[in-house]
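Once you've had a glance at the structure underneath, I'll fire off some questions.
In order of appearance the chains are A, B and C, and numbering begins at 1 in each one.
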Amino acid sequence: MAELSAAEAYRILIGSRIRSQLAYRASFWLNVATSVAVGLVEFVEIYAIFANVPVFGGLDLRQSSLVFALSNIGFALADTIFGQLDTIPTYLRLGRLEVLLVRPMPLLLQLVTSEVQMRRLGRLAVGVLIVVIVLPGLDLSYTASTVYLLVITPFVGAAIYGAFFATAGGSQFFLIDGAEFTSAFVYGGSYAGQLPGSVLITPIRILFTFVFPATVAAYLPSLLIMGLPGPRFLPAWLGWFAPVFAVWAWLLAWLAWRTGIRRFTGAGG
Amino acid sequence: MRTYLVLAAAEFRRYSTYRLAILAGITTQSVFGLIRVSVLFAAISSAGGTLAGYDRQLASTYVWLGQALLAPIALLGWIEIAERVSSGEIAVDFARPLDLQLAWWARDLGRACFQLLSRGLPPLVIGAVTVGLAWPDSWSAYPLGLMSLFLAVSISFTLRFLVNLIAFWTLDVRGFIGLYLVVGSFFCGLFIPVHLFPKWLQVVAYATPFPSMLQTPIDVLSGWVLGWAAAALVASQLAWLVGLVGLARVVQWRAARRLVVQGG
Amino acid sequence: MASEPIVQLEDLRRSFTVRQKVGRLRRQTRVVHAVDGISASVQPGEAVGYIGANGAGKSTTIKMLTGILVPSSGRVRTCGYDPVPHRRRLAREIGVVFGQRSQLWWDLPLRDSFRILGAIHRLSAEEATVRTEELVDRLGLADLLDTPVRQLSLGERMRGEVAAALVHRPRLLVLDEPTIGLDMISKERLRHFLVAERAEFGTTLLLTTHDMGDIERLCDRVLVIDRGRLVFDGTLPSLAERVALQRVLVVDLPEPSPDLQVSAAAHIGSDLDGQRQRLAFSPKETTAARVLAEVSAVTEVVDLTLEEPAIEDIVRTLYGVG
């Protein structure tokens, strides 16, 4: 008998989750509205700064908004796909992970496909809206490289932020009580990533570029798009290597995940 | 009354056993604190050295005091009650002879006391060591500050309690919690001081109880506001608390009714 | 058919370090030997009952042979695989039912759980449908397919769990306390199904339980574990013999009577002024029928019941003997 391909299997899994969400109509749209509100409030933070000063980290409001928007789109995508991983502590407590382990599917994939939070895309809509609004005023020259960067940055950003989620997820197995530690790079990373990296003081700048590459998710590519140079330790040309940074981030995630599973199954001793 | 004291003490002890959690919390606080300091410093240097009365030292004090108070005031995510509602265990809580709100309030104060020490001190140390902290000019800042803190924690608790009660009406509380977190942390002045908001936004902010959860205790404790002005701020906190507690009583009563009618 | 054991345990051990607070500040570490050197093997097609008191090490053993936990030392092979490194490959050959934890999707209708599991096990649509329909039919789940799992009763849900564990036709079915909390009818239904399933497909059965009725009905072999060690491995009759299991015949008499004196059994109690009397006998030495015959010779018997021995008693006896 023919065996289902992995792709078909995942399609069925994710399809059922999406369908089940759309089934609860009213609550779903309410959640989308909430997600939009979250995106807006985060933008107001940037706006409030510019209500006080015209230039922030070497960027004006429009330029900063581009960074913010690209970062948020990436993060919203990552949150939609990987956001489910923050239920791991609950699963651990309830002992539900054992049920998942006796299934012939990798644990990470089971958790990721166990829920697809469609409503988090509301935040993404805010990001897209902002990009659409500020793009004309930025007066960019639309060369091939600019267009390439504009299109690919949200996805590479999503990959980077997704890696943070995965690192956090894997770490839950050995951090347990120390789970809050992961907020430092998941939500700290999202925060640092939507700001102009030039405002970050040096130690933080290094942390969020070379360890958890949040500034590479949106700020550096944005500098390249707008043709601006970067600050100390953060030259704009690094932005071309965003995919490399994404691979690095996933390497960390894989390490955390492996350590976590081994700890859970007791192989760590 | 004694029971509530016992509850508070038990919660204090409970939090003291999570040593790893404390360390993790301090690390995260430091990272966020440094990011926030970065933002304010960049804004201030952009404005030429001072911004709306904040210079570098005041800004640093603001951020680190904010980080110190963040854990006790517990702005960020707590859904124990909501979890108990969705699992149905909440029925047990209602069956107990203690009032739900008061019992959890007492527990929250116990938690806050512990976290004031465990999570409050390290950021202040970091702040003092890095840029230096600005201390208040008048001794009255301390007792008023303490009162302000107590009110802030209670206001935060009552709001969190209300948000948790939403679980009685909808299966999915997480969306509301997320919204509450983002809106609340912005309007309480965590990101940038409310005093730096554009005028129209300040009006919106003060129409909510959020600034009284963080901005006000920071203002009183750091000596930004002194004497009678500070006392007036504390009074406004009290007013908010009274209003919110009233609302919470009503909502709790309706939630209890709903439980009985719906059967969980 | 290979005669390789489907489960093989060789001097299996698993210890945990537990940190306890002693006094105000100090912490004491204690090592708990949950599984302390267990060796056994299960042949394909066998039905094995795994019993022991709570905390004796049953769940830990199960976790080790399903790939959830790594042994501290010793060897374990399930379906020929080393469970932890080959967890996913093993998962295709075994089905596991956790009595206390559900593997079904809580908020979805039952039929969706089957469909999703079919996809996870990479069964083609036709294969999954055929197998699901068969299971649904034999477990009487047809009316429940469209009910969300959280609305099912415990008995209904357990039937769903067993079906879910068998969708992919595993060679080995592991059940961890499957009948806990179930009423007699549901238990009987489940047992009946498992017996039939085994007869038709030769599925190997490994069952942990507290209910001797499960063992009697389903298993031809019993493993008894106490404090991490195996204290008995053999058939149920030989267990009964070894432990000199006593059964109790409870007879209801038409009117209050003095204590019955019967040669084959010992009088151990009277209720209602002697209208109900309890007689303990050893099945090794006599049968319930003979005891009843002796009683009937002396007086009329209005009603009677037969009581089973409890697991705790068995373990206690075994531990005392072995």
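Going forward, a residue touches a chain if its C-beta (ideal position, glycine included) is under 8 Å from a C-beta of that chain, and two chains touch if they have at least 3 such contacts.
Quantities reported herein were computed from a predicted structural model and do not represent experimental measurements.
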{"item": "Innermost chain, taking as reference the mean of every protein Cα atom displayed", "value": "A"}
{"item": "Greatest separation from chain B - chain, by CA centre", "value": "C"}
{"item": "Chain centre separation in whole Å, for chain C relative to chain A (CA means)", "value": "47"}
{"item": "Euclidean distance of C-alpha centroids - chain A vs chain B, Å", "value": "27"}
{"item": "Cα-centroid distance, chain B relative to chain C, in whole angstrom", "value": "51"}
{"item": "In the complex, chain A residues that touch chain C", "value": "1-6, 8-9, 12-13, 16, 20, 94-96, 98-99, 101-106, 110, 265-267"}
{"item": "Residues of chain A that touch chain B when the two form their complex", "value": "27, 30-31, 34-35, 37-38, 41-42, 44-45, 48-49, 51-57, 119, 175-181, 183-185, 188, 191-192, 195, 198-201, 203-204, 207"}
{"item": "Touch list for chain B against partner chain A, complex", "value": "18-21, 23-25, 27-28, 31-32, 34-35, 37-39, 41-43, 46-47, 51-52, 170-172, 175-176, 178-179, 182-183, 186, 191-192, 196-198, 201"}
{"item": "Footprint of chain A on chain C - complex, ascending", "value": "14, 63, 66-70, 72, 84, 87-89, 91-92, 94, 96, 98, 100-103, 107-108, 112, 115-116, 119-127"}
